[in-house]
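The chains carry the letters A, B, C, D and E, assigned in the order they are written, with residues numbered from 1 in each.
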Amino acid sequence: MSAPSNMRVFVPCDALSIALGADEVADRLVAEAASRSLDVTVVRNGSHGLFWLEPMVEVEVDGVRHAYGPIDADDVPELLDAGLLEAGPHRTSLGPTHSIPELERQTRLTFARVGVIDPRSLDDYLAHGGFDGLRRALTMAPGDVVGEIETSGLRGRGGAAFPTGIKWRTVLGAPATPKYVVANADEGDSGTFADRMVMEGDPFCLIEAMAIAAHAVGASHGVIYCRSEYPHAIATLEYCIDVAPQHGWLGSGIAGSGLDFDIEVRVGAGAYICGEETSMLESIEGKRGMVRPKPPLPALEGLYGKPTVVNNIITLASVPWILANGGAAYSAHGVGRSSGTLPVQLAGNIRRGGLVEVPFGITVRELIEGYGGGTASGRPARAVQIGGPLGAYFHDGQLDTVLDYEAIAAAGGLLGHGGVVVFDDTIDMAAQARFAMEFCAAESCGKCTPCRIGSTRGVELIDKIVIGERRSADVAQLEELCDVLEHGSLCALGGLTPYPVRSAMQHFPEDFGLGDRNSDQNFEQKVGESN
Amino acid sequence: MTVIDPARLVEMANQIGDFFAPYPEQRRVEGVRNHLRNYWDPRMRSDLLAYVADGHEAELLPHVLAATQLLQTEADGRSAYAGPPRFES
Amino acid sequence: MIRDRTLSKRRQPERPSLPADQASIVSAVLAANQLDPTRLLVVLQQVQHELGFVPNDAVGQIAVGLGLSRAEVHGVISFYHDIRTEPAGRHVLKVCQAESCQATGGRALTQHIQDVVGCELGDTSADGAITLEAVYCLGLCAASPAVMIDERPIARVTVARIDRVVESARSAS
Amino acid sequence: MPIPVKPEQSTITTCAYCGVGCGFKAETSGGQIVRMTPWKEGKANHGHSCVKGRFAFDYYRHPDRVRAPMIRASIDDPWREVSWDEAFAYAAGELRRIQETHGSGSVGAVSSSRCTNEEIYLMQKFARVGLRNNNIDNCSRICHSPTQFGLSATLGAGAASQHFDSILQSDVILVVGANPTEGHPVFGSMMKRSVRRGAKLLVVDPRRTETVDSPHCQASVHLALRPGTNVLVLDSIAHVVVTERLYDEAFVRARCDWDDFELWMSQVGDARYSPDVVGPEAGLDPDDIRDLARRYAAGPNSTIYYGLGVTEHSQGSTGVMCLGNLAMACGMIGREGVGVNPLRGQGNVQGGSCLGSWPHMFTGYRFVTDAATRAVFENEWKIELDGEPGLRLPNMFDAAVAGSFKGIYIQGEDPVQSDPNRHHVEAALRNMECVIVQDLYETETTKFAHVLLPGSSSLEKNGTFTNAERRVSMVRKIVEPVAGLEDWEITVGMINAMGYELKYDHPSEVLDEIARTSPAYSGMSFDLIERVGSVQWPCNTAAPEGTEVLHTVTFPRGKGSFMLTEYVPTKERVDDRFPLLLTTGRILSQYNAGTQTRRTANNAWYDEDVLDISADDAAQRGLHDGDRVRVVSRYGETELGITVSGRVHPGVVYTTFHFAHTMVNAVTSDLNDWATNCPEYKVTAVEVTKVTS
Amino acid sequence: MWSELRALRDGVDLGTPPRDGEPVTLSVDGVPVTVAAGSSVLLAAGIAGCTVPKLCATDTLEPFGSCRVCLVEIEGRRGYPASCTTPVDDGMQVRTNSEMLTKLRRGVIELYLSDFPEGDIDGGWSQLNDTLDQVGVHRLADDHPYRSGANHQSGVLDLSNPYFLFDQAKCIVCSRCVRACEEIQGTFALTIGGRGFGSTVVAGQDESFLDSDCVSCGACVQACPSDALIEKSLFPGGYERADSRQA
């Protein structure tokens, strides 16, 4: 049997894959291949998001990718012995990648290329439909590009769910120049990592999206504001925005058109609040990340006081597909006012944690049980926090809630950036409520009074409630404080912190010494109604 | 006795002369003359005239000297005051 | 704290200046950023990258270089947790404190790390080997709990795993 | 419990410290001022303030205050306290005696810009009706007299063309020889506000001042010229405007004398003013000169603010004319956001200029040689007036040294400390037979006085001030004058003692008299100012509430006139013995000769004059920060501490003049402006050597 | 152009700078009022004679929106926007009082009082006193759960400037001093240091006022609503703190 020539073996370069040993696997593969004189190219792809299988190694045989995982570096020799390069059988064999059930069942529009391509390879990107959306957009009038986004029904995936088309239309109509496109990559919510996966797995998609936005609104400069906790994403982005202009995809006269647009990466410095768009703009301007009041809207007075598109990474990453395939094709997915797909991130105490891109309309239970396989600990799931640290805690009786913006809101929560964090029955929900206040206190910019002082008072009150000396008075005060935070805060950090606090107290009163919701008829009165 | 040291008066007059030097001849002389007429205490003017007349003509710039001669003529003729001053010399 | 120096008359307070080698590094960073005040945060990050921290004595130079006041620069430094005004230990171990890691035993892990390293979050071990920092999410939540040592992420952290990490950080220079 | 005292009463008044003229509320409790807070309706400050006006008011109750009139026959005698009447009688008697012996012109008077318009007016009236001569001058002689001369010559009005707020509509701000953030801090803040809103700043100044470089305020172009080369550099800027045809021909044709313009073009257009020639001589990069000229000419709205860095030169008046020419040539005059504006030093320097305290002019800049003007005052005052100019202040001192001038009445000034060539001034005063000084404290000058009249501070009297934007604002009595009389009452007492009968019940009557005799003030009255807050002259039937922007339709002189501004280098030159050029200025926390501010806690910031020297020059002389040095010029010497500073270029040293013991004016030259005798404080060749104790 | 400066009236503080825009008519508590476009709802309310309490807003500074006591309700809009940062619109209907607004304002004031020296309120005449009067809360009840929480009562007392003092115990971190130093004076000598509950007003690099770049113009003192920055001359007997609850 002659050794196969120029085989491509894929090992993810995604940060979580690396955190699970992918670099060691890749190094070992290169070393082993060399020692065996095998003609192997190790490609560092993004992750498919099946993190319980990472590090996952793939080999491409006759145009089909076959997966193995999870692989430890020490497994590499035996994997090669088992005939990896011919997709031979091994105890870690997963079969053709596309038929892995958790992947097969997804609807990957935004994440279609993530895990498939070499993120740093422009050729790979182009070979997988890259820049099709931009090419089409450049043939359209800016207003028509915006129209396509409006047709798609795309709403901001960062949390606020504001219709992207309306935002772009506002910037397009703003007379002031220059205009900016800012990509919010300050993905700070616990339990979310979709932005990171795009930046690490399909960075040219973000570049393409920003260029489309630039064309659509008339912007000349783009900024990607990425949190410092993502060094791998930053390195990948910087590589790609360096490469793109060399091939005419950034800079002056993009793709032979009249579009001039460049992008700069700015790195955060450890401030969750800078994920709030106005705070982020301040930070990009080199200032303290203090929240600005709205109005003025950033769309009219954003970066340096100029009209600015500020979009989340996932929002932007959805744009090239929409332009390439049409807004109507996108809005064919989803339910009601929640069009398209949502990349859900399964995290916390979950067996099969990872990224699941599905159309809106799936239930929480389908996600956690169907995709996630239940808790990692094997114990019963007790609470699920949806939408990051400012999202509400759901109890086990609410798992059939449908995942779309309106349904989650109706259930007293918010979808946020699509993070789902599962907790088993060992969790102390009073501690979680306290943490919500503590997090608000730690990350408050300090501008508005409810958030600046209220968050600290909140921590103190929850401590008092748990001690229980004057529990009813303290609970009443906490309720009042939550009102002040929710309705009086300048931005969503203070405004949403009551969500996890109230939901924890409402759904898990026993953890606060407030009786048991299953046995105590009056617990609702005790903990008060959260509107 | 002079009211001020004459050397100082000559210095001041020549400084005024420096300013008017670039003007055409007539405006140059009249400029100096008007300035001395409108801004100088009459005792300073007469001291300067007396000093110049005392053989110190060479110490003044030629057009300043010409201006002092205009002033001398006016003083001699007691000609009436010629109206409000003009700046443009 | 009471500050009262009404009686000390002086024209300009003496402000210590940065050692020349550090000052020239700061100058280079400022020049690389075109003396653009909107790049203050970038400048601070780069100075920290070069010097390991942003010395208080560099603030005046940075302020003048960018056309800002010392107060503004101080305000920005004190806002961002990443910017340090004292040198860190040889290694920085960031321990995630957020919910996904809490759901997977993160609180106990944090306590264990503090015990093993011998200092609280925010402090540096006595031997100067490790600085512990709280971090709110590393984006590794599908395999919590997670930490990051220097720029190396580690997920699905166990006590045994962290002990090895700490040990090798201590022994490495 | 730290509950603050609540003031019982609040009175609106005007700060006397600088030419900005901020409105303040003086808040009192138990008859004493407990604080001064800025008045939000003050049109010069809009509720803002600086460390002087806001806080440095305690000088008024300093133990050093002169509390009673005093006289002495000889300056070697001790002072003898006397009644006001005795003081007036003695002083007037002495002046009369001198006039009888040495002639009518042997005595004179000097008014103070720290006094009110009414008081300044009364001082010139004192000279004209009391002394019966025109020997009256004011302290703007040593600061902004060239402004009055130069702007009158070109535009026809010796005052700022704009109001302060106008700078918010400027696109380009050209600051020449001024440092507003130190000298005129509240206006400086307004300037910075304009810069933060996008106006571009161009600075011509030998020093890298705070105006050039401070947080959020950086000059786009800074011409750090060699001291003394103002006119050369301004002509070079004009050269660029002319040769690159950046001028506004339509404006010039419509508004200015075209023949004079052509004459001017041919002068400044000459190759000798090319930036390539001027640059090396002035120590500048020629491209910077071009850059500045182009930016100024491009506007669209470019304005000029300038200070003593322009006027205190042997070509001070010429420098001012250069600015007037430049503004006219580029059409940058006669609307909001443009103009030419002097930043005046003392609280009422503009008033000092306007109110006739000149040896050659009556109120409103009308010549004493003009019979019609004289007739107005002769009619008002019922007395025949002298139709020839009197002596200027420096000439009075010259004459005193020469022995022909023997008596002087000085109101609120300290020429020994503030006038050029200290030794000359001292010799002059020592030569006099009667020196009458009216001041708050004993000063360097009172050492030579025979009569000491206790003056009243601006907190102790009623009247009006005119600020640098021609704005007349109310000064109100907050506390009683320490010796019972307001300054205007003292001057009235002196006039009466000289034998001219005169009576006013209130200073408003003096302003009424000014209005009757002066067209630019004809609509002005205390009632009007009370009603509208403050009024910018001209105020007359055409402009019943005053005029914000001058020259909108025509110039007061009709067509604007381009003056020829040939550069004549100062005679003050560096050489091997005196290789450095000393230039002078002020600092925020101290005011002028420091008479008031040195008697407040402002010394916490700055308690002595310090010499700024470049690192190169310091190193060459083995000097270090904090060393004491001897500063020697051709005229004298003094000792100072030094700061090694990046704000001055090699070859230039700089100091302030706030402290009497420093005696900076013992070093400065006695060269002065060709037109007005304003001293050349900004250029003195010196050497600096370390003092080894 | 000039309204922001020239329309200011002494003794009257409408909370945000007057503007020059075209006239806009709205109603506040049913009272029709016409103001220039670009004006804030807070200013319009003041002109309509409806006093909305405020702390961080003053008409010499640009609106900031931090204190959250000037919240109002606007017909057709969600939530409780801060009236200082909300520009007027034609036909806008504003309510300055409701049960919820009262509750929110009291809630915010209680948070302030939880970090303010109790003994410095009675007898005071600061703008904070006015606001407390308007909201109708002057102290926390003896058994209020906010008592004994973390506070800044042992913070910096800066007596270095010869003319004014800064007592952090009385600082409500409204940033008016910082903004005055920037917007009015243009010196930028002050900043907020830290963030969140740890936010404090600091001069320079957290040094004394005298050592900082402060030029002692007094703009910060003028701007301070809570007498944390105040003239020393108003304390003839010297200044001592009322109480020093330990942090």
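Going forward, contacts are C-beta pairs under 8 Å (C-beta built on N, C-alpha and C of every residue); 3 or more make two chains touch, one makes a residue touch a chain.
The model shown is predicted, which means the values in this text are computed figures rather than measured ones.
**Q** So if I look at the partners of chain B and the partners of chain D, which chains show up in both lists?
**A** none
**Q** How would the remaining chains group if chain D were removed from the picture, with no chain shifted?
**A** If we ignore chain D, what remains breaks up, so that the groups are A, C, E | B.
**Q** Looking across all chain pairs, point out the one with the most C-beta pairs in contact.
**A** A-C
**Q** By Cα centroids, which chain is closest to the centre of the whole protein?
**A** Central chain: E.
**Q** Farthest from chain A by Cα centre, which chain is it? Let me know.
**A** B
**Q** Averaging only over C-alpha atoms, locate the centres of chain B and chain E and give their separation in whole Å.
**A** Between these chains, centre-to-centre, one finds 67 Å.
**Q** How many angstrom lie between the CA centroids of chain A and chain C, rounded to a whole number?
**A** 26
**Q** From the mean C-alpha coordinate of chain C to that of chain E, what's the distance rounded to whole Å?
**A** The computed centroid separation for chain C versus chain E comes out at 33 Å.
**Q** Could you give the separation in Å between the centres of chain B and chain C, each centre being the mean of its C-alpha atoms?
**A** Taking the mean C-alpha position of each chain, the two centres sit 77 Å apart.
**Q** Got the chain E residues that touch at least 2 other chains?
**A** 161-162, 187-188, 191-192, 194-195, 210
**Q** What positions in chain C touch 2 or more of the other chains?
**A** Chain C, residues with two or more chain partners: 6, 37, 68-69, 72, 75, 79.
**Q** Which chain A residues touch at least two other chains?
**A** In chain A, residues 271, 288, 442-443, 445 touch at least two other chains, as defined above.
**Q** Hey, which chains are touching each other here?
**A** Once each pair is checked, the touching ones are A-C, A-E, B-D, C-D, C-E, D-E.
**Q** Show which residues of chain D lie in contact with chain B when the two form their complex.
**A** 105, 134-135, 152-153, 257, 260, 263, 267, 314-315, 317-318, 359-360, 367, 369-371, 387-392, 395, 398-399, 401-405, 557, 561, 563-564, 566, 568, 674-677
**Q** Please name which positions on chain C make contact with chain D in the complex.
**A** For this pair, the touching residues of chain C are 6, 9, 11-12, 37, 63-64, 67-69, 72.
**Q** Show which residues of chain A lie in contact with chain C when the two form their complex.
**A** 15-16, 18-20, 49, 51-52, 54, 187-193, 195-196, 228-232, 266-272, 283-289, 304, 345-350, 353-355, 376, 385, 389, 419, 421-424, 427, 431-432, 435, 439, 442-443, 445
**Q** Which chain E residues qualify as touching chain D in the complex?
**A** For this pair, the touching residues of chain E are 1-2, 5-6, 8-10, 60, 119-120, 122-125, 161-164, 167, 182-188, 210, 215-219, 222, 227, 230-231, 233-236, 239-242.
**Q** Touching chain C in the complex: which residues of chain D?
**A** Within the complex, chain D touches chain C at residues 213, 215-218, 601, 603-607, 610, 643.
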